[in-house]
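Each remark here refers to the structure printed beneath this line.
Should a chain be cited, it is by its letter among A, B and C, assigned in written order, with residues numbered from 1 in that chain.
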Amino acid sequence: METDVVLNSMKRFMSRKAIVHLLGLLIMLTLPFVAHVIDDPFLVTIASRILIYALAAVSLDLILGYCGMVSFGHGAFFGLGAYVVGILIHHAYGETAITFLPGDWMGSFSAIVQWPLAVAIAGFFALLIGALSLRTAGVYFIMITLAFAQMLYYFMISLPTYGGEDGLNLWERSQIPTLDLYDEIQFYYLSLVILLVFLGLSYRVVNSRFGMVLRGCKQNEARMKSLGFPVYRYKLIAFTIAGMGAGLAGALIANHTEFVGPGLMHWTRSGEIMVMVILGGMGTLAGPILGAATLLLMEEVLSNMTEHWMVFLGPFLVFVVLFARRGIYGWLVGKDAKDG
Amino acid sequence: MADAILEVSNLSKRFGAVAASDSLTFAVERGGIHALIGPNGAGKSTAIGQFTGEINPDSGRVVFDGHDITHIETYKRAQLGLQRSYQITSLFPEFTAEDNVAMAVQSRQGHSFCFWTPARTDKTLRDPARAVLQRVGMADKADLKVTELAHGEQRQLELAVALASEPSMLLLDEPMAGMGQSESLRMMEILRTLKGDISILLVEHDMDVVFALADVISVLVKGAVLMTGSPNEVRQNRDVRLAYLGDE
Amino acid sequence: MTLALFLEQTLNALQQGVMLFLMAAGLTLVFGIMHLINLAHGSLYMVGAYVAATVTQASGNFAIGVLAAMGAAGLAGMILELFALRRLYNRDHLDQVLATFGVILTANELTKIIWGPQALFLSPPDILSSTLEVIPGTPYPAYRLFIIAVGLLVGLGLRYLIVRTRLGMLIRAGATHREIVGAMGVNIDRLFTIVFGIGAMLAGLAGAMAGPMLAIEVGMGESILILMFVVIIIGGIGSVRGALVGALLVGLVDTYGRAFLPFTLRSFMEPSAADSIGASFSSVAIYVLMAVVLIWRPRGLFQAYGN
């Protein structure tokens, strides 16, 4: 009885959207406590993984969902960020100098050096790749972004110095003053804070004038040009920002798995991240988080049931594409999910 | 012509064996309404496409407001003050009417490298947008999504968006396509109020509208201009009547 | 570096190009006519390889194996088209990519379930296991020559089909004027299914022919899928001629790159550096080729029919 009253008055003050957001935030904030209570520390580990991929997915959504750029190269920036951190840790641990850089820099354990560098380098490559790729459109754009990702993938495979095909094991995690990244719970909350900050920034960006230009391009690029917008410039900047976000996620994943490998850059990785965005709800900011959670949890649960769990993922994907276009977020929130 | 805002010289464009534009030459005077008429397939939309840069001419020149724009990109022409509206409505379907117009206002105001301030509550964008909607008589529909608007309202919005960029010249491609009688009359009134401030090139099929609005009419047949003149001159010209007006 | 070596590598390049063409032809037709990005095309190639291996072993006859592979792939393709892909024709590319990505996942798992996770092997028939001295002094595998011959035959056959038959005319017309073809009383749905079937058979043929040269395993479709898309993008979507040119170009760049790049680099770099840089650059070479082509011609080298 009383819960009904509370719920009803809540409904009057808050929309379905707000309720979903609040619940989501609540779950994310209290998860480690829940894990402690049910004595399943592994829950925190997988939750961190979800948060990291959610970051990658949100950054992809900025260009995919809000601007209609189907980039199969997003894995490249994810992998680049990871490799920057990986290489710096590798050299710092082995106390060897980085040969392809001038001077005798031996890498660094400090996240304050590594992570901004990861973001910067991912961003730089995104700028480069975007500058070339955005000269094409449609399926050509899809393919050329894919090609660039594959170039980086094969490049990393053929570099024996950093593990080649087998990748690099990292024997230390990044170091942040006052934090211990080996503590799963601290790592979780750090990832959560980073995700939330990125979400906050993305929220401002997609609602700003810049964001409106992106959205306009998604709906009717020809008209945008007709109105006088130099569309290429805006798309390139968006592509670069998205790449930086993926780079940051890469830095986190390198720490989380204590491993970097070329597989992070493979086009199928980009595909997975794209699935997370679509599954969760394209063109929304919370959708990709749901998508990442759903996909990774499905992987987790189903792979325990049968080693052939992929058989189910395939038709599920086809089903979602054909019938559930708005994604899980759209299903939860209803009409208000997207705001145009 | 000394006072021409748009000068087109020998513009030619072929699609395979068809000459959509055949050495097209004419000029539009500043400030008036210049109508471009012609039978189906005469090449009117192709001509407009070449003026805006959406179609690349094979040869010829387009000079707008003293600038040779023949091969420059569409967005640059818009920035110079040349705007068009589309025969097949080309709007932002998921946005509201006001969002659509605000987009044009935003372009007019310069660069959009602003990443922080929300655009939808920005008065410097919304107020001018609402003013333009008011001007075309759609202020009460400001918050409706394009998909919720009737066809005639969408055509009005189509014009509003082009207007909001504060162009010096408007290329209107059949603005009243699919509109009912009263809607068309309302649109004609709006166009009349624009005379003087904005130069207009109007492509239109409806002869009543053309003769009511136009100061000058060019008749396009098979990609070339058959004649240019005042409405009376055109109405009485024998070649035009044979080629186009039929037995009117 | 000798002329013989160069010629040998050129033959390798031709062989690789021809294989890519077999795959790419079907893909470009489907893409050009139905505007469908089909990532699952690689899976049809895989089906071809698996069926060829199984049937050849069971029957002892390679030719039967190849025919069975073509039939199986063609059938699989048409069933796929009828029940799943048909709904995707009017969807945007993103949807198609995702849905066919899902098909890949399913196909891979089903293959694992039916045949198990270990790789299969297929040996070429005895008559083709020998070498021929087409280049004086250099014995060259007869099987590879066989592939080149088959590929060129298929190319000629396709050209004949497209230019001289009614079906070909419908294909060309259907690429650009779907409604008109429909209005002419032609069953567009059936036409599309047939086109898809042809493409699938070609993929199956390619898989069967590739069988003796590669490990037949799950995921083999994906490794070649990207290459195929590179080929049709370079060639121009919808153009079979473009697929041939693109395939040969890719074959040349890839083969020459892998064979000669480390060698050329050695002339001004120390051997170990030359080898490792050469190896990494050559695997990248094809993508550089595609990027260069796209920047020069954003829509590929050739236009599809009717454009």
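Following the convention adopted for this analysis, contacts are C-beta pairs under 8 Å (C-beta built on N, C-alpha and C of every residue); 3 or more make two chains touch, one makes a residue touch a chain.
From a predicted model like this one, the values you see are computed outputs, not experimental measurements.
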Among the chains, which is located farthest from subunit C on the basis of C-alpha centroids? B
By C-alpha centroid distance to the whole-protein centroid, which chain wins? A
Please work out the Cα centroid separation of subunit B and subunit C, and write it as a whole number of Å. 48
Find the geometric centre of each of subunit A and subunit B from their Cα atoms only, then give the gap between the two centres in Å, rounded to an integer. 43
With chain centres taken as the means of their Cα atoms, state the distance from subunit A to subunit C in Å. 33
List, in ascending order, every residue of subunit A touching at least 2 other chains. none
Which residues does subunit C have that touch at least 2 chains other than itself? none
Quick one: which residues in subunit B touch 2 or more of the other chains? none
What residues of subunit A sit close enough to touch subunit B in their complex? 204-205, 207-213, 215-216, 219-220, 222-231, 234, 237, 338, 340
Subunit A contact footprint on subunit C (complex, rising order): 31, 37, 84, 87-88, 91, 93-95, 97-99, 101-110, 112-113, 222, 226, 229-230, 233, 237, 276, 279-280, 283-284, 287-288, 290-291, 294-295, 298-300
Once bound in the complex, which stretches of subunit A touch subunit C? 64, 70, 132, 135-140, 142-144, 146-148, 150-151, 154-155, 157-160, 267-268, 271, 274-275, 278, 308, 310-311, 313-318, 320-322
Contact footprint of subunit A on subunit B as seen in their complex: 52, 54, 73-76, 78-79, 83-84, 86, 90-96, 99, 102-104, 106-108, 112-120, 122, 125, 145, 161, 165
